[in-house]
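Everything below concerns the one structure shown next.
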Amino acid sequence: MHLLFYSFLVGSIGSFASLVLTKKYRNKFASFCVVLEGLICSYESLSIISSGKTTTFNSNQLLPFFGIRLSLDPLSAYFILITSLLAIAVGIYQLGYIRHSTKAKTPTFIYPFFFTSMVLVPISNSVATFMASWEIMAITSILLVLTDHAKNNNSGHATQWYALMTHLGAASIFIGFLILSLGTKHQQFSSIVMSSSSLSTIEKSLAFFLLFIGFASKAGATPFHVWLPRAHPQAPSPVSAMMSGAMVNLGIYGIIKTGMTLIKVSEGWWWIVVIAIGTISAIYGALQCVTNSDIKKLLAYSTIDNVGLMIIGIGASGLLATAKDEKFALFMISGVLFQMLAHSIFKGLLFLSAGSIQYSTGSLNLDQLGGLLKKIPLTSTCLLIGAFSISALPPFSGFSSEWVLFEGLFRSILHLSGVNRLAVLFGLSGFALASGLTATAFVKTTGIGLLGVARSSHAETAKEVPPTMLFSTFLLALSCLVIGIVPGYFLKLTMKSSQLLFPAKKLSPNFKYGSIDLPNLATNIDPLLLLVLFTIALLMILLLLKAAIKRKVRITNSWGCGNEYSNSKTQYTATSFAEPLQRVFADVIRPDQDLVVSHVEESRFYVNNITYSNLSQDSIERFVYVPIKRAVTTWGKFASQMQNGSTHRYLSLGFIVLLIVILVLS
Amino acid sequence: MTTNYFSMTYLFSGTVLVCAIIALWRKDIKAIIYSVAFHGVALGIVGFSEGLSRHDLALVQAGIETFILKGIVFPILIFRIFNRSGGQRDVEPLINTTASMLYTSLFIGIPFFSIGRLPYIASSPQSKLVPIGFATLLVGFYILITRRRIISQIVGLIIFENGISLIAFLLISGLPLLVELGESLDVLLVVIVLRVLAITIQSRIGNVDLAEMKELHD
Amino acid sequence: MKIVSMLNNIISKPVSKGFSKGRNSSSSQSPNRSVAFRHVDVGSCNACEIEISSAFGPVYDASRFGMSLVASPRHADGLLVTGVVTQNMYGPLMKTYEATPKPKIIIACGDCAINGGIFKDSYGVKGILSDVLEVSYSIPGCPPHPQQIVETFRNINR
Amino acid sequence: MTVFSFTTSLLQLIFILACAPLLNGIMLKLKARAERRVGPPIFQTFFDLAKLFKKERLRSQNASIFSALAPVVLISSTVVVIIVSPILSTQELFKTSGDLFAIVFILLVGSLMIALLGLDPGTPFGGLGSSRAMTISSLSEPALLVSIVAISIQAKSTNLSTIVSANLSHPIWLVSPPHLLAIFALLIVIFAEAGRIPVDNPATHLELTMIYEAMILESSGEDLALIKLGEFMRFTLLLLIVANLFFPFGIDTQANWIQLILSSGISLIKLTILGSLVTLLEVTQAKLRLFRVPELLAGAFVLAVLAVISEFVA
């Protein structure tokens, strides 16, 4: 625990030093401090997970009235581990990135605090401490999203959405906690857990759903997601990586903490609602991910998709727990945590690679990129590895984690009964559709962005990024591969961390050479073996071909059906790639399509030009939030009419209120 | 021996439901009529095998009767309506097929998990198949709601009614012969009336589309 | 009903005509069992096309000798060119030629491709096929008989 | 890893390598006969592949390393699946990794590689093909995974060998409605994934109607030969897996050498029968419009869901 405080100290030194140091050393020192903080945090969390002990820290000094209550257990240590691993990579990345992106001191100053608050959230052990660190996290992240506001008009708009949603979420969480605290007369989490049986079912349900909505909006679950695809792309890439890779996890942490420890949810239908929201998020996120052609926006939507998968898993685990099948509940929740680890790493990698692409081409629009694999091969390889991981291709991390999720869902279907089983079955279908759509989306991203011919001068003149950025993305790409090849070691880690939730049951995993082989599972995977087999097969075929065929390859023009005008404009674009799916799901996506054909004056048989526009917006935003926003604006206008500055009107309002009060009292 | 009869019942009850789904799935009217025919045949076999396994002659009779009436006579009648009415070979559902299939997958599971809870259903192995009957009934109802043309409406009605017969076969060892006969005749009557109606409307306004019949209201 | 008639087709004798004349005796090399063509119409009146499609139809069935028409010159062993080379199709023809992997076989199918036929010296005509590419085989006729087309295919040697 | 299991894996590989082009030849022949043509000889596919290996290789100037890598990756991913799945014998090579979910995703590696290959040269038709292929593949995923669940429920395992052995010891499972429904759904998905007729016409010459062919328009010589071979191998493999799920009799379970030899003969028969059925379907059915394919796959999904639900009825 104390090591964590030292790490906070290191972070703060870095951040304050960035205020005083000269431009030359500022970044280097701040990044160094962040990396050091991350290293210390990951060391501490690893040691906590391996020992399985819980340490606490209480102080009445720092926060007025309530004091500070901290507790570091294996579960929170696991979240800290993910956050700090990502923070190390991002810290290294920033060395190269900030130099190009902005000269301002603000991000370097705020960034360590953002990181610190994300470590504080999972170790908070009382309502007050939790809300305080939650708010610090919200405010620092809002400031970080605003970093590029001078250059970018959208960022202010995005920040408004983000600030609004995050505070509504915080309010919802706060009310939920209030209900819990008032019902149990405690504000310390460990005491709430002890006396949660004194709550009535209505109190429990209300608290659970308020907390769930709050945390789900932080995690970006549909329909509380609208801020996420706006805020994540607007932030500078390192910040987006932290937000999508680490901050979103804390929403998941909140859901797990609420549903599995604070309020032991015992009624199946709560979890069914959770699964339903998870399924909708997974499918909706994946669909929007397919249809968007801005790389960072697409990545933000795929975060929603992955969060959906995790929420489905949490729901299934909760159902298993209520059905007293704790062994598989434990397996399922460790699957969720494993997916979270994999997601954080590959999403961090993808966002950082997107940042590198923006750095070297100045554009993130897929319709302007192309041919990058030849221009910037190293960055492109990293992006490819991230894309393969997220598409769940073996032997990368996404495959192993989704395998565990799938097995967990399969076991849930076997062991549950009645409506619960049906719910998990639909969760599984959503999972399947989302994984298929994700694969399509990332074939689009890599195929359109990295292959083919450059579609604009931006992509034509791309140059490789500085070595620090490359090093950081390579680190993450390597982690994707390692997690994918030896998933057993990592699953063991997640099982140890989630043991806390189901202390009675113990799984006895048999993870030889990093394969996953559980006695109750009756099946297993060994990605390392698969990779070895695959490599042998690949080498054999290549050798055979080399031995048998000794002809050189002739390089010619692409075959464009004899067309003499084929150039980069005749390639498929990201929009056209997604068009079939957009049409299949038109009822959900509701794209705005417009085709205007203008003729030459002399004859209507000769076309002058054809304009086709295709705008796919977030349909949930359009059909849920915009009407609400409009209503709020109308109210606001009404209120502002009331406030026209006339003293008489104010006085008369006061008079009316007084009258009403008297009437009510009588 | 009983297990063999049971697995036969199980298989053909499943066929009844699958044929209903295929009738919802396909757009080609001929294919739909064929699937309804298979649907009736499978229903007849269910009644037949149930009757044999319970040594219930009435049920065997009902099975054979269903086989002939719903597997052969009704489809032929519908084919004749189809041939008379001419026109389109494809149905035009009000809701597109993909969405329909997804909704079906949602509501089809419900009977399987809710019917089992009903207290008055005996715990014989056959009664576990009752949800299949309910699911068939729901699919039939869904076809009735979402189809425009009269032939598809008849198909929906038949499927709906077959769902009820399936439940009856499985649950209360078949309806008494007279009731069953009366019910079937009822449907037969409906079919004939609709047929006459369809042909009349066809000759008057040249189309058999329910949506366009709204105009007749005025 | 469809399935029954199809099964009947499978059992009954195929309608394809036999070729009494064997392989060209002058060929000393191993028989050529697989050859694929990309068909290029550089300005034909479509009579040759009809004959070519009937050469692949049930009666003359060139596919039984391992011949096929493919969609891309990359998959082909040669070009089956019909018609007289027009100005507009000259570029595409050369692109197609370039896109074909070696060794390439160029077949001039029909009189137009061989000597210009009735379109010779028209205003839109660039020339005949042998002006622009080296022709390996010619199939004379206006249009050529499917049997001739199949025979030419069978006589192709490597 | 025993001598037997090693031999089995090797034999499976050789069996599929030999049978894949042969199956294609048989199907072509049968199709020709159904049209009352004589049709190509059944070894025609071997001749075609042998010829392609001798041809010159052309590559687009825009092509990256994917054009060279994709065909080899396609074949090697298929080879991995062939080695780890029970085709001739349920004896596994390493007592591990014959998991259905894993098999699906290893095969997906090959499909994604081909989709990227289509986008690599920067031509319009390649992009068209990969866009359509990925659309269909992503829409078929729910039906695929749910039918895998349905197949695995009775054996309580997603391991293919365990499922096949369990089905062998309970033959009554094979004719239960859930099993039949799941197999039917799986077959539809295989048609979609392998690009057979209700979804894609492998014999089409028209670029606008192409799905799979459009992606490989740019490949030539040995690249094309490898892709075609890989595609035949995948189709054969999938058919054999379905055959073993539907009718597992004849497969070796006891590590018996004679049974292994017999098993390859029986597998060839199963393969021929299934291949003929597929051909009959292809001859009688027309290709669906692209935007009616989702209907087909949604139907397969409903059948799979129904299979899972009815699994718990009896």
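Which chain is which? They are A, B, C and D, in the order written, and residues in each are numbered from 1.
As a working rule, a residue touches a chain if its C-beta (ideal position, glycine included) is under 8 Å from a C-beta of that chain, and two chains touch if they have at least 3 such contacts.
Keep in mind it's a predicted model, so treat the numbers as computed, not measured.
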item: Steps needed, at fewest, to go from chain B to chain D via touching chains; value: 1
item: C-D compared against A-D, more contacting pairs; value: A-D
item: Centre-to-centre distance between chain D and chain C (centres being mean Cα positions), rounded to whole Å; value: 33
item: Distance between the centres, which are taken as Cα means, of chain D and chain A, whole angstrom; value: 35
item: Whole-Å gap between the CA centroids of chain A and chain C; value: 58
item: Length of the line joining the C-alpha centres of chain B and chain C, rounded to whole Å; value: 55
item: Interface hub residues of chain B, defined as touching at least two other chains; value: 98, 105, 109, 112
item: Chain D: positions in contact with at least two other chains; value: 56-58, 207, 217-218, 221, 294, 301, 305, 309, 312
item: Touching two or more other chains - residues of chain C; value: 72, 74, 99, 101-102
item: Chain pairs in mutual contact under the definition given at the outset; value: A-B, A-C, A-D, B-D, C-D
item: Complex interface listing, chain D residues touching chain A; value: 53, 56-66, 72-73, 75-77, 79-80, 83-84, 94, 96-97, 99, 101-102, 105-106, 108-109, 112, 115-116, 118-128, 130-132, 134-135, 137-142, 144-146, 149, 152-153, 155-159, 162, 207, 217-218, 221-222, 226, 290-291, 294, 301, 305, 308-309, 312
item: Partner chain B, residues of chain A touching it in the complex; value: 418-419, 421-422, 425-426, 429, 584, 587
item: Complex contact set, residues of chain C against chain D; value: 2-3, 6, 9-10, 12, 14-16, 33-36, 57-58, 61, 63-66, 69-72, 74-75, 77, 99, 101-103
item: Contacting residues of chain D [partner chain B, same complex]; value: 172, 175-178, 180-181, 294-295, 298-299, 301-303, 305-306, 309-310, 312-314
item: Sites on chain A touched by chain D in the complex; value: 290, 370-371, 373-374, 388, 391-394, 399, 402-403, 406-407, 410, 413-414, 417, 421-422, 425, 428-433, 435-437, 439-440, 443-444, 446-448, 450-453, 515, 517, 521-526, 529-530, 533-534, 537-538, 541-542, 545, 548-549, 551, 553-561, 566, 568, 570-572, 576-581, 583-584
